[in-house]
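Right after this note come the structures.
Both complexes shown next keep chain A, but they swap its partner, so chain B is in the first and chain C is in the second.
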Partner chain A sequence: MRTKMIGVILAAVLATLALGSVFTGIASAAPQWKFNGTALSGKEDVLGAAISSSMTIPGMTTTCEHFLYNMGIENASGTGKGEIKELPLFECHTSGACVVEAIEARALPWPTHLMTVAEKQYLFVEGVEVGILYEGPLCPIAETEMVVKGTAGGLISNATETATFNSSSFSATGAQLKVGGTPIEWNGVFPTEAFEWHREESLSVG
Partner chain B sequence: MAPGRIALGRLAAAAACLAFVVTGCGGGSSSAPGTTGSSTAAAPASTKPSAGTGNSGDTAATGGRKAQKQAGEGQAQEAEKPSKSQGESGKDEKKHPPLELPKGPPEPKITKAEKERAPAAELEVILPGGLTAANTCEGKNLSPVITWGKIPSGTAELAIFAVNTKPVNGALHYDWALAGVDPSLTGLKAGEVPKGAVLGRNGSGQIGYSLCPKGSEPETYIFSVYAVSKRLSPKQGFEALAFRKQASRGSEQVGLAAATLSG
Partner chain C sequence: MKGKSGARWLVALLCVTALVGFQAASASAHTGEWAKFNYCPTTETGVVKCIYSLTTGGEVVLGSKKVPIVNPVTVQGGLSKPTSGVRSMFAATNGVTLSKTPEPVPGGLLGIVPPESSPWLVKQLSKFFFENGLTGVNATLELAKPVSEVKVNELNLESGSGVAFVLPVKVHLENPFLGKECYVGSSSSPLTWNLTTGKTSPPAGFEPITGSPGLGEFKEEGTLLQINGAKLVENNWSAPQATGCGGILSFLVDPVINSMIGLPTAAGHNKAILETTDDLATIGAVNLH
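Take a look at the complex of A and B:
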């Protein structure tokens, strides 16, 4: 009986240690926003135009050829944070018989923060909500408002000053977007550029 | 000008700016008042780039909604390519991939009237086992196991449909239409037609479920569950497409699940 108890306690300790190492891996040193290699002090607006970005929603892919976005950033409590304030979408179309009648990013601003996973930096976006209305006589989901909700995680590249969102970056950050209960995939590359005090300065995360 | 338009103008200007990232943005000096500046303070004076692109987001162009070019699939990989000037030394050349700017106005937002007309796809619907040969006319041709999440209170009945995402003979092809399903249920077993439910006519002209993939290409099917707020009471053999429109207009919420059958 005593041996069994010790075994249980040992198992619990090992499980705790294992979990601890997992969580350490997920959230290690907090990355910060940097301009010209120096940590951002105060706030900055980062604006940009995303390259073609697509969402795979049940049965078809919706692509928007352009996103423009406006994200406020700052370093707070030693971590890079921010919020996406605007995100108009342009030239959206689908891979199927549906036409994008209307699409909107809503419930803005979306809070963001930087995170490190396995020594790589990611931008994590919370509270994502996109509404899409499809139409078309041969569209199987016509007259249905698709509501995409959840979180998004994008891999940051300091070399290209971009955040790349794809299934790998979602998996690494534990992010997930869903329509109802159905997970959807989002792919996109988002270049970033300061547009206030740090215009033309090199933006990096580290 | 509405604030939204001003903001969009700024975004478009930023986009134009990004298109010229290699040569610099706006041509103006980037001498900031200091790195401690707040974004709430006045922005640098030249928020409009001087680059004469004639291609800013403000440019009026029709820019229809249909695809004008293929999405650049290789760009995600390109973003990961190593760069000679990588690092945080500060004076590095910008390394954004080249950008094309929007040629027209942003897509319209969903209007209030559209919202009232279209149910929101917010219900959780799951096909736990997906679709298998048993669910096709090559097998037992049984409707799949389907479950759904919490149905909104006030729902009078559920209407369930299965439709092929590809048109068949130039028309939407419904494989299954089931009305009058008790909203207190949380799902259906394979092939189940619950008490009180009414079957519609499928795209093959039969009353009931029938899923017969054509050819060897994978086919995707969308299963939808509408939470209808007033009983619609269709008769056995109702026409699926017309009834789906009726169910859609009588619902505030719908749940969708997609499943693909490989050829």
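Take a look at the complex of A and C:
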């Protein structure tokens, strides 16, 4: 009976150790920010402007010609993290009857972190909040501010040094943006480029 | 003189014909998706948008009575420019801003049988209606205040927080036994529903209920917004005693109705859940179609 008890305890200990090593494996695989192949130490600012960016509420797409961002990045506890500090949006228009009277990113900074899903690296953005005021004589939501809230996930490409946000990247990361109860789709391609200490160095994630 | 008089008649006739033609056109000018705005007062000063809200499900719990919404109820009309985000409503051109749609009360009079202690006359009347199969009762929502007291906050409607719709209503209980003037609520004591698509704030001791902002979709090249599956909820409203039930015998029947429904009821005991589809468009867009 005692031998059997010791056997059970031993099996439990081994199982715990095995489980621990699996989790350690996942943790060690957490992606980090790298410049010229070397992990970033300290902090850096990354700036960029979207090559293209649009947000679609079913039936109406809002596109911004100038969608800039300023994101602080660092590697903390072995994982690439950061925060979007600024996100000015200019020259926005819609596919429908509405005119974009005002658009503003709010509740900044938005925390970000890198994550790996199915061997691909993603940038995950939390606390997204954008207020949009539409106008126009035929615009059904004129004079009423729409507030986009939620999370966003973008696929990182080391080859092109970009983060691409679309329905696939949102689905992979479990991110979701909503206006009220309505899910919206965000499409955008953002080049990443260091602005301070690592200017003109190759930025990658791995 | 006779010729002049004839000409006057002709002019008058033409005017009347033109007027009738205009009214007919204004009542059914729109087609397709826009037909639902046929009774929006698009030419009335102060109206900037049209709204058509169709409630196809939900329930109203009044004291101990629960009435499921099985027949669609319509709220339609115009909306003013917002003041601090709140728009006032304008009456529909056909006068039916809130449709008077009867909803059957489950159990009918079976649920409001006079207790043994009721006056002899009330018991005899009740017995008469029962024996003649006239026990069905309908509950119909009616506006208790002027249409301008109906308020809409679109931001709250879409965001799922705060009051999205304010509806001051009264419930008309209809049955031959109850007469034609049996109401719970009145213009001086309305049932004021501060409906939200978010979470309600009932008095302490009552569970909040949660609504839903539904799913928005732009139609007609972005000129019409349709919100499907919105759920507006409210359980922080009180209800006064019933009045006018039983016609001239209301002094006898009202207490029976109050006793059976549990009126008056304090806030928290009552509930309104409206499952709606809401359409919004500007008068500019409506007038183009």
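Here, the second predicted complex is superposed on the first by the 177 of 206 C-alpha atoms of A that agree within 3 Å, B and C clash if a C-alpha of one lies under 4 Å from a C-alpha of the other, contacts with A are read in each partner's own complex, and residues count from 1 in each chain.
We adopt the following convention: a contact is a pair of C-beta atoms (placed from the backbone, for glycine too) under 8 Å apart; a residue touches a chain by one contact, two chains touch by 3 or more.
What you see is a predicted model; the values in this text were computed from it and never measured.
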Quiz item: Based on the superposition on chain A, does the combination of chain B and chain C result in a clash or a fit?
Solution: clash
Exercise. In the overlay, answer first, second, both or neither for which of chain B and chain C A:181 touches.
Key: both
Practice problem: Scan A:172 for contacts with chain B and chain C and give back first, second, both or neither. | Solution: neither
Quiz item: Does chain A have more residues touched by chain B or by chain C?
Solution: B
Practice problem: Could you say whether A:201 touches chain B, chain C, both of them, or neither, answering first, second, both or neither? | Solution: first
Practice problem: Applying the touch criterion given at the start, work out whether A:108 contacts chain B, chain C, both or neither, answering first, second, both or neither. | Solution: neither
Quiz item: If you stack the two complexes on chain A, which partner ends up touching A:30: first (chain B), second (chain C), both, or neither?
Solution: neither
Exercise. Quick one: classify A:42 as touching chain B (first), chain C (second), both or neither.
Key: first
Quiz prompt | First (chain B), second (chain C), both or neither touched by A:141 | solution = both
Practice problem: Check each of 6-14, 24-32 or 258-266 in chain C against chain B and return the one that clashes. | Solution: 24-32
Quiz prompt | Interface residues of chain A shared between complexes with chain B and chain C | solution = 58-60, 96-97, 137-138, 140-141, 143-147, 179-182
Quiz item: For chain A, which residues count as touching chain B in their complex?
Solution: 34-38, 40-45, 47-49, 51-52, 54, 58-60, 63-66, 68-70, 72, 86, 88-93, 96-97, 99-104, 131, 133, 137-138, 140-141, 143-147, 155, 157-162, 164, 166, 179-182, 187, 189, 191, 193, 195-202, 204, 206
Quiz item: What does chain C use to touch chain A in their complex?
Solution: 48-49, 81-82, 85, 154-155, 157-160, 197, 212-219, 221-225, 229-230, 280-282, 284-285, 288
Quiz item: Any idea which chain B residues touch chain A in the complex?
Solution: 7-8, 10-12, 14-15, 17-19, 21, 24-26, 28, 30, 32-40, 43-44, 47, 57, 63, 65-69, 71-72, 75-76, 78-83, 85-92, 94-97, 99-111, 114-115, 117-126, 149, 163-167, 170-172, 220-222, 224, 245, 248-249, 254-258
Quiz item: What residues on chain A touch chain C, complex-wise?
Solution: 57-60, 94-98, 136-147, 179-183
